[in-house]
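Below are two complexes that have chain A in common, paired first with chain B and then with chain C.
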Partner chain A sequence: MISIDSLGVRLGRSEILRDIDLDLPAGVHGLLGPNGAGKTTLIRVLASTLRHDTGSVEVLGRSYAKGEDMRWVRQRLGYLPQAAAFHRGFTAREYVEYIGWLRRMPSSDIPLAADRALSRVDLIERADTKMRKLSGGMQRRAGLAQAIVNDPQVLLLDEPTAGLDPEQRVQFRALLRELGADSCVVISTHLVEDVAHACDTVTLIDGGRIVDRSTPERLAALGADADLPGDSAIERGYTATLRVHR
Partner chain B sequence: MNGWLRALRRELGQGLPRLTFVVIAVTMAVLLWSKGAYWGGRWNALATQSREYLILIAPITATLAAWQGGRTRRDQVGELLTSTRASALARQSTEVAAIVIAAIAGWLLAIALAGVSIIRLDGWGTAAAAYQILGVAPTLFAYVTLGFAIGTALPWRIVAPLMGVATYLLIGIPLYGSDAVPVLLGNGYVGDDVYRAFSARTFWVSIAGLSLIALTLLALSSLERRPAPSRTTRITAIAAGAAAVALAPITLTSASAALNDGPPPNPPLVCTTDNGPKVCVHAQDRLLLAQTTRQAREVIAKLAGTQGAPTWAGPWQPDGQDRDMLTVQSAQIDIRGRIDTTYGESQLVNTYAFFDPAPACREAGLWQNDPYLELPEEMQAFNDRTWPLTDWLVGDLPSGFADPNADELNQRFAASTEAQRRDYAVAVRAAALACDVTAVRAADQHLAPAP
Partner chain C sequence: MSWHADPLALRAYAAGTAPDSVAWSIETHLSGCAVCRAALSHHLAAEDRDLLSAARARLVLSGPAVSAGLLGTVGRGGWVGRLSRRPWPAVRSGVLGPWWAWAGFVVVSSVLLGLASLVPTWRAAVEARADGLVLLSPVLPVALVAVVYAVADRGPVSDTTPRGGLELVLTRTAAVLALTVPLVALIRSFHGVPAAAWLLPGLCLCVGSLALGSWVGVERAAIAVTTGWVGVCVVALAPLRVRVSMEAVLVQAPWQRLWWILLVASMLVVLWRRDHFDIRGSLQSRHRRMSL
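Now for the complex of A and B:
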């Protein structure tokens, strides 16, 4: 569903991403790495909000080099940016419906789809509350609802669990696994636990490069006996992998 | 329901369009009622008066629109919106439309309330003349679009109030600086000629020009829709936007000057056919004149017992005191009009009538200031005995009628009831217009005794 070949991104004189090669089929894929590794930059490129300088990106078989293809992909995309992104005066329902409209969903389908999306993130009872009056966690869940309102074939989530309480995280991971059955879900996170419980594959990024492609199970195995900092095996495996490549 | 309409309804429910509606409605209502004496009972005067308030309403609207334009950046939704399929224009059009609709609705609400008061006082009368108010709609659209575009391109909080100040200056400076360009950026401010501004192509050219500039700015600012525009693109966009704003007055001035050379399109003039100077009167001015002369006849009948009043049909004569004026006289009523040859044929504009007291009264030096009833509402107020008390306090009597016992009169006036004061004011006014000093003195019988 997503094919990236020799991708490079520069911002000014800084090289943020370089030589990224990645193929992501349907499923849930985690982008893991320390702060400043380039995870968000990669997500933004996939969301077509940031131009890449070298290489190519194909999503759902369409290249971002052509404007029409990019718009075609945008219709089938779901995106949750890292920063809170909503109009404060909208209610949660209005917010989700608004994004549904901007994704060019059939207008008659939008109300039902918005309610379904809000139900999936357990926010339907606060659907008519203004966004500014929701708690941080609820705002994040409304953000998730807008990202899935159009049943996207590609779902891009940047730090999606920030602000969620433990119970909500568990529900969210279940939702991710459900979505990943038919779609390509890409999660950028620095929380190893999210990756361990929800992702099919893990891509480690450090210094703008992919340093490892693996699975949560393999990462956990690497950390099982390692004498490294970390509260869980997968955290120790993550640390070990990064140290090997540094 | 169409998706765009659904999005528009969603935007209309937001705080800023609601605020726009309330602010415009309240501002207009306060302005209209504070100047009620100038439009009371007259539809076309209401139209003129309300359009003049665009000088305040347009900056307010532009300020609110600029604030709306900066919302995307303030709420940090640019990144998310960029990733969607819809064009920036589709999204922005709902935001602009919401402010435009709210502003026009607020405007019309205040006008409607004023209209109700006119109907209660004077019936429907010349309500058709109020059609000119509709010219406000494209004006507000232009300023909302311009404000929104600038707010989008420069999404900092300080820009919105600056936009209001800039709009006020753009409109106000030409208004106060020159008679030639009130239609340039005022767009509906009409100065002396209430008809011309909304029929002239200059008006529509300036509206179209402002809207075009605004749409250009919007297109430039929507470059954010492209993934990370390069630095060169950003600089080009900002430079082009700044140039568009800077060139706006020059462009519109040139367009106005070019278009001003031609005649107005099919003015509904009615011209005299007698042997005097040929003059033409706008149809709506005729309605005003008919209203004035009707009231004047009643005044004449009350004060002088004579009948008759001139009509606009003449014969017109040059005014001895003002070479730009023509006048036609009959009984004690003068109709005056300013000659305007801007469009070639001699026309009368700003036409009005007034009741002039007897020449002997003037020669006796009794009338030295405020000597006549001029506007139809003044005559109506006189006939209806509703003359505003504040205009006829003792100290404000025409100097020729000033009472030697003014201090005592002031004390008695202060001690009088509202009804006594009004009876006194009307009696003084009637006596003064009849040029009867004795009757003026005797009017104090209506006041309370000295305390």
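Now for the complex of A and C:
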């Protein structure tokens, strides 16, 4: 569903991303790496808000070179940025409905789809509350609801669990597994637990390049040695892999 | 409800094999017992569940018909009801920002202009400044487009949507024009110049700022065009001879031809660069823009 070939993004002389090759089918895929590794840049390239300098990107079989193709993909895309901005006067329901309209959903389907999305993130009871009056965690869940309102074929989530309490994280991971059954879900995160419990594959990014492609199970196996730093096996595996490639 | 239907009877009812007397009894009971309705759903065949689910969705979408005839056509079950179940309030807020601010702006401006035309001393004061108002009026929609971009939704999510590019730009501009044309017509009425003479320069400045916006962003372009036009007006108003020339620029025939040419040229630029409204700069270009 997503195919990336020799992708590169530059800023001045420094390479933010370089030689990224990635093929992502349906399922839940984690992009894991330290802060500043280039995860958000990669997500923004996939979300079509940032143009890459070298290489090629195809989402659902179409590249972003032509405006028509880009809009076709955008209709089938869901995106939760790291810091979602929204019009302060929106209620949670209006916010989700507005994004549904921007995604060119049939207007008669939008109210039901918005309520369904809000129910899936457990926010339907606060649907008529103004966004600015919701807590940080609730605003994050409203952000998730807008990302899934159009039942996207490709869902891009940048640090989606930031601000969620432990119970909400568990619910969110269950939702991810449900979504990943027939969509391609890409999560950028620096939280190893999110990857451990929700992802089918994990791609480790450091210094703008891919250092490893693996599965949560394999990463946990690498961290079986209790002498490595980290609180869990997968955290130790993550640290060990990064050290090997640095 | 103190009793619940026998599971075997429910299964027979779902399969359509229950005797009439049992079926009637179960139907009466089901209408008041949520527990048995839930139990019944487990005995339904998959296709029946899908059928009921689809019927429920249709009912929720279409709503109850109030009555037949004219009331049914326009009432809650008719086109009024169907329109009210569309996401228009959300779209309005996303496209224009807070509706009450725009409603207040139009009402207060209209009332003030109306009062000014009725109260002699106010009318005299407005007429004394009418030249300035007339010269500034073409740029009012452009200035309001800049305001819309400052107050309405402009989050990173909108930039990744198919409607977030040119379509949203045109929707916002059309909404602003719909709000401002009546107001400008009122302003022009003080000067005795037909509103139609303003429309062409006003539209031209609007589309021109959109064309420029395909390079620098609509908000920046609208601010630049507004500032530029206000600057020209300030300079033009100083000596009387040039002021008269500015009025000619707005309404006289040879200049109107030039406005037409500029309008068509701006529209062609917008059409040619339509994909550039889908915000998708490189990190390099964004960095350059940020450091401007």
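What we mean here is this: the second predicted complex is superposed on the first by the 245 of 246 C-alpha atoms of A that agree within 3 Å, B and C clash if a C-alpha of one lies under 4 Å from a C-alpha of the other, contacts with A are read in each partner's own complex, and residues count from 1 in each chain.
To be clear about the criterion, a residue touches a chain if its C-beta (ideal position, glycine included) is under 8 Å from a C-beta of that chain, and two chains touch if they have at least 3 such contacts.
A quick note: this is a predicted structure, and the numbers were derived from the prediction, not measured.
Q: Let's test your reading of the overlay: on chain A, do chain B and chain C clash or fit side by side?
A: After superposition on chain A, which the two structures share, chain B runs into chain C.
Q: Output check: A:6 vs chain B and chain C. Expected answer is one of first, second, both, neither. What do you get?
A: neither
Q: Figure out whether A:97 sits in contact with chain B (first) or chain C (second), or with both, or with neither.
A: both
Q: After lining up the shared chain so the two structures overlap, which partner does A:16 touch, if you call chain B first and chain C second: first, second, both or neither?
A: A:16 contacts chain C only, not chain B.
Q: Kindly classify A:232 by the partners it touches after superposition: chain B alone (first), chain C alone (second), both, or neither?
A: Neither partner.
Q: Of the two partners chain B and chain C, indicate the one touching more residues belonging to chain A.
A: Touched residues of chain A are more numerous for C.
Q: Show which residues of chain A both chain B and chain C reach, each in its own complex.
A: Residues common to the chain A contacts of chain C and of chain B are 47-51, 64, 71, 74-75, 77, 79, 81, 83-87, 89-90, 94, 97-99, 101-104, 107, 110, 146, listed in rising order.
Q: Quick check on the complex: what are the chain C residues that touch chain A?
A: 57, 60-61, 82, 85-87, 89-91, 93-94, 97-98, 151-165, 168, 274-275, 278-287
Q: Note which residues of chain B are touching chain A in the complex, please.
A: Where chain B meets chain A, its residues are 1-3, 6-7, 10, 13-16, 71, 75-77, 79-86, 91, 226-228.
Q: Would you mind writing out the residues of chain A in touch with chain C in their complex?
A: Per the stated touch rule, the residues are 9-12, 16, 41, 47-53, 64, 66-67, 70-72, 74-75, 77, 79-81, 83-87, 89-90, 93-95, 97-104, 107-108, 110-112, 114, 143, 146-147.
Q: So in the complex, which bits of chain A are touching chain B?
A: Result: residues 44-45, 47-51, 64, 71, 74-75, 77, 79, 81, 83-90, 94, 97-99, 101-104, 107, 110, 146 of chain A touch chain B.
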